[in-house]
Amino acid sequence: METANGARIDRATAAALAATVLMATALGLIFFYVPNDASEGYSQRIFYLHVPIAMTTYVLFVWGALNAARYLWTGDESLDLRSYVPMHLGTVFGTLTLITGSLWAQISWGTWWDWSSTELNSFLIIFLFYCAYFMLRFSVEPGERRARYSAVYALLGVGLIPVSVLAVHLGQDIIHPITFTRHGANMDNSMLLTFLVSLAAMLVLAYSMYEVELRGKRLDDRIARLRRLAREPAG
Amino acid sequence: MNGRAFRALVRKDLVLEVRGREVVPAMAVFVLAAFVLFRFGLGGETLAGGTRAAVGVLWIATVFTAMLGLLRGFAAEREDRLWDGLLASPVDRASIWAARTVSLLVFQIAVQVLALPVFWVLFLQQGRTPSYGVLVLALLLADLGMAALGALVAGLASTARAREVLAPVLFLPFAIPLVIVAVSLTTGTIPPQTAGSHTVTRLGFLGLYDTVFALLGWALFEYVVEE
Amino acid sequence: MSSSEAVACRRLVRRFGERAALDGVDLALAPGETVLLTGPNGAGKTTLLRVLATVLRPSAGDVSVAGHDLPREARRARAAVGYAGHDPLVYPGLRARENLELYAALYGVDPGAVGTALARVGLADRAGDLAGDLSRGMLQRLALARATLHAPGVLLLDEPTAALDAEGRQVLDALLAERGRTTLIATHEPERFADRGWRRVELRAGRVAA
């Protein structure tokens, strides 16, 4: 990509710019454009942040798992970071999902957690998995073994997503016997537009953060390697 | 997969445990202590929540007990470099995983044979009881899933310094869906409710859980042990 | 790689993190040949043997053992390789006989061979003893029995003379006198084998010294 005066714009910068534009648009749409929700009122708007963030978390997770599989298949070391960074970002976005979800529950029902929400509860399990992934990553010495183990655990987590969703769905009678009704995905055009823009904004934001973090981590690795080489005696 | 090698590996684990008696007794004591702890913690003379709460206690204690047994064998084999002997042999890595799964399953069942009657004495003597047939079936299915997953997860944790802490951390997120459905399944058979299609669905979920993690364990174990 | 050599390495590299324990090893053993691998501690002798035993995968370079390229054909190579490392690799909680029975199952060896193997290393009368109760010298003999149970064409021995008792030395000598097997012995005491006329290869800092 080139600007008018011929300077090259790299992927990370382009993504960051796009993310900024999209986020600004999304926020504008959320707060000024979309009409109030019939039953929940103005405060329902957090939905347009919460759900896209949650979906982005799942996308990041699948992306990390995909690169994990590729790493195991090819042994290409660069894929380790490409798998780890999405997983890491997934915890960040996951935390935001839980926070926005909690806020929404507080606004809607007056409690800081909504046990009747199957999405939120299955998400909680996935979030715990992300944290465990981190513990694994911190507990093994950096190197080929850590990359392999991280990849294996990431792929194990792939089995966890459908299992969690199904389990929470089946277990609703014990998790929360009284179910609040929540309006479904019948959105009119303006709502749909706002939702999609917000979703796009979150995804592009995640991607730009991915590029930035990837670059940063690679630099870290290079510096660490240079330090180690500098310490070794010559010859 | 080599049947003879698989059987020999299972035999090794079982013989070593019978002679060493390191893990199964500890698991048994643990689960009994856990029952008592829950009993006092959750209610005085009558357990608050009745049978439904008791069912929760049983499943939570089951999961924690399974966690205890996870690292058995793994840590010792890694430390003594006994792994080299297994790895240098032609046995395929999936067989090692499968043998470890079966041994973990046997240990867990052995503990439950002792724990279930005690559980009945402590919790189920008064009040309505769930269907024992369903409960036993659910326990077997859950044990299998936990063993399959545990065999893999123990491998991941075995090289870490803080492996006794890491193994449970890696294992627990996967135990949560299991507990959710198992408790729902069991309480669904407490009168006036009876076993029905909802029971079959939940049992089916346990079977699905087992299949998913058995497949993943089978496929991924070699990446855990090959250096 | 040429499969006429029993063991062949070309520019073999094995890294642990940043450190290269093997840094371009070139080595070839002809079928039936016995070679002594010498060198100071940390030179990479154990790592080389573990790579050849398929316990470790090579980081780079070509390796072939018993005609099979590693790591691609590792599984087939394993059946033809016997490995006795620093540790006896036997389970202390199993009896001597049970240990060999386990390995017989792993290698697809007829269980009847266990008795013969124990007799050959002079442990027939200790077959029912727990391996944890055996002396160091007996353990070493048991390890040799384990490594040769499946009649491997290639034998890799890491410091076989360490902790060996008198009877063990006889067992080892008898073993090494057998013809037809390709053997690589990593040792600190090459003088011990001085009268055999075997080729010596010295490893230094992960490379074969000129």
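Just so it is clear, A, B and C label the chains in written order, and each chain counts residues from 1 on its own.
Definition applied: a residue touches a chain if its C-beta (ideal position, glycine included) is under 8 Å from a C-beta of that chain, and two chains touch if they have at least 3 such contacts.
As the structure is a prediction and not an experimental result, all values here were calculated from the model.
When every chain is reduced to the mean of its CA atoms, the largest separation from chain C belongs to A. Closest to the middle of the protein, by Cα centroid, lies chain B.
One simple way to say how far apart two chains are is to compare their mean CA positions; for chain A and chain B this gives 31 Å. Centres computed as Cα averages put chain A at a distance of 50 Å from chain C.
One inter-chain figure worth recording: chain B and chain C are separated by 38 Å, centre to centre, where each centre is the mean of the chain's CA atoms.
Across the assembly, chain B contributes 227 as residues in contact with two or more other chains. The touching residues of chain B, counted against chain A in their complex, run 149, 152-153, 156-157, 159-162, 166, 169-170, 172-174, 176-178, 180-181, 183-184, 187-188, 201-202, 205, 208-209, 212-213, 216, 220, 223-224, 227.
Here chain A touches chain B in the complex through residues 72, 125-126, 128-129, 132, 135-136, 139-140, 145, 148-149, 151-153, 155-156, 158-160, 162-164, 166-168, 170-171, 173-175, going by the rule given at the top. Listing the residues of chain A that touch chain C in their complex gives 141-144, 225, 228-229. Interface residues of chain B facing chain C in the complex, by the touch rule stated above, are 2, 4-5, 7-9, 11-12, 15-16, 19-20, 80-82, 84-92, 226-227.
Listing the residues of chain C that touch chain B in their complex gives 50, 53-57, 75-76, 78-79, 81, 83, 85-87, 89-91, 93-94, 98, 101-103, 105-108, 130, 146.
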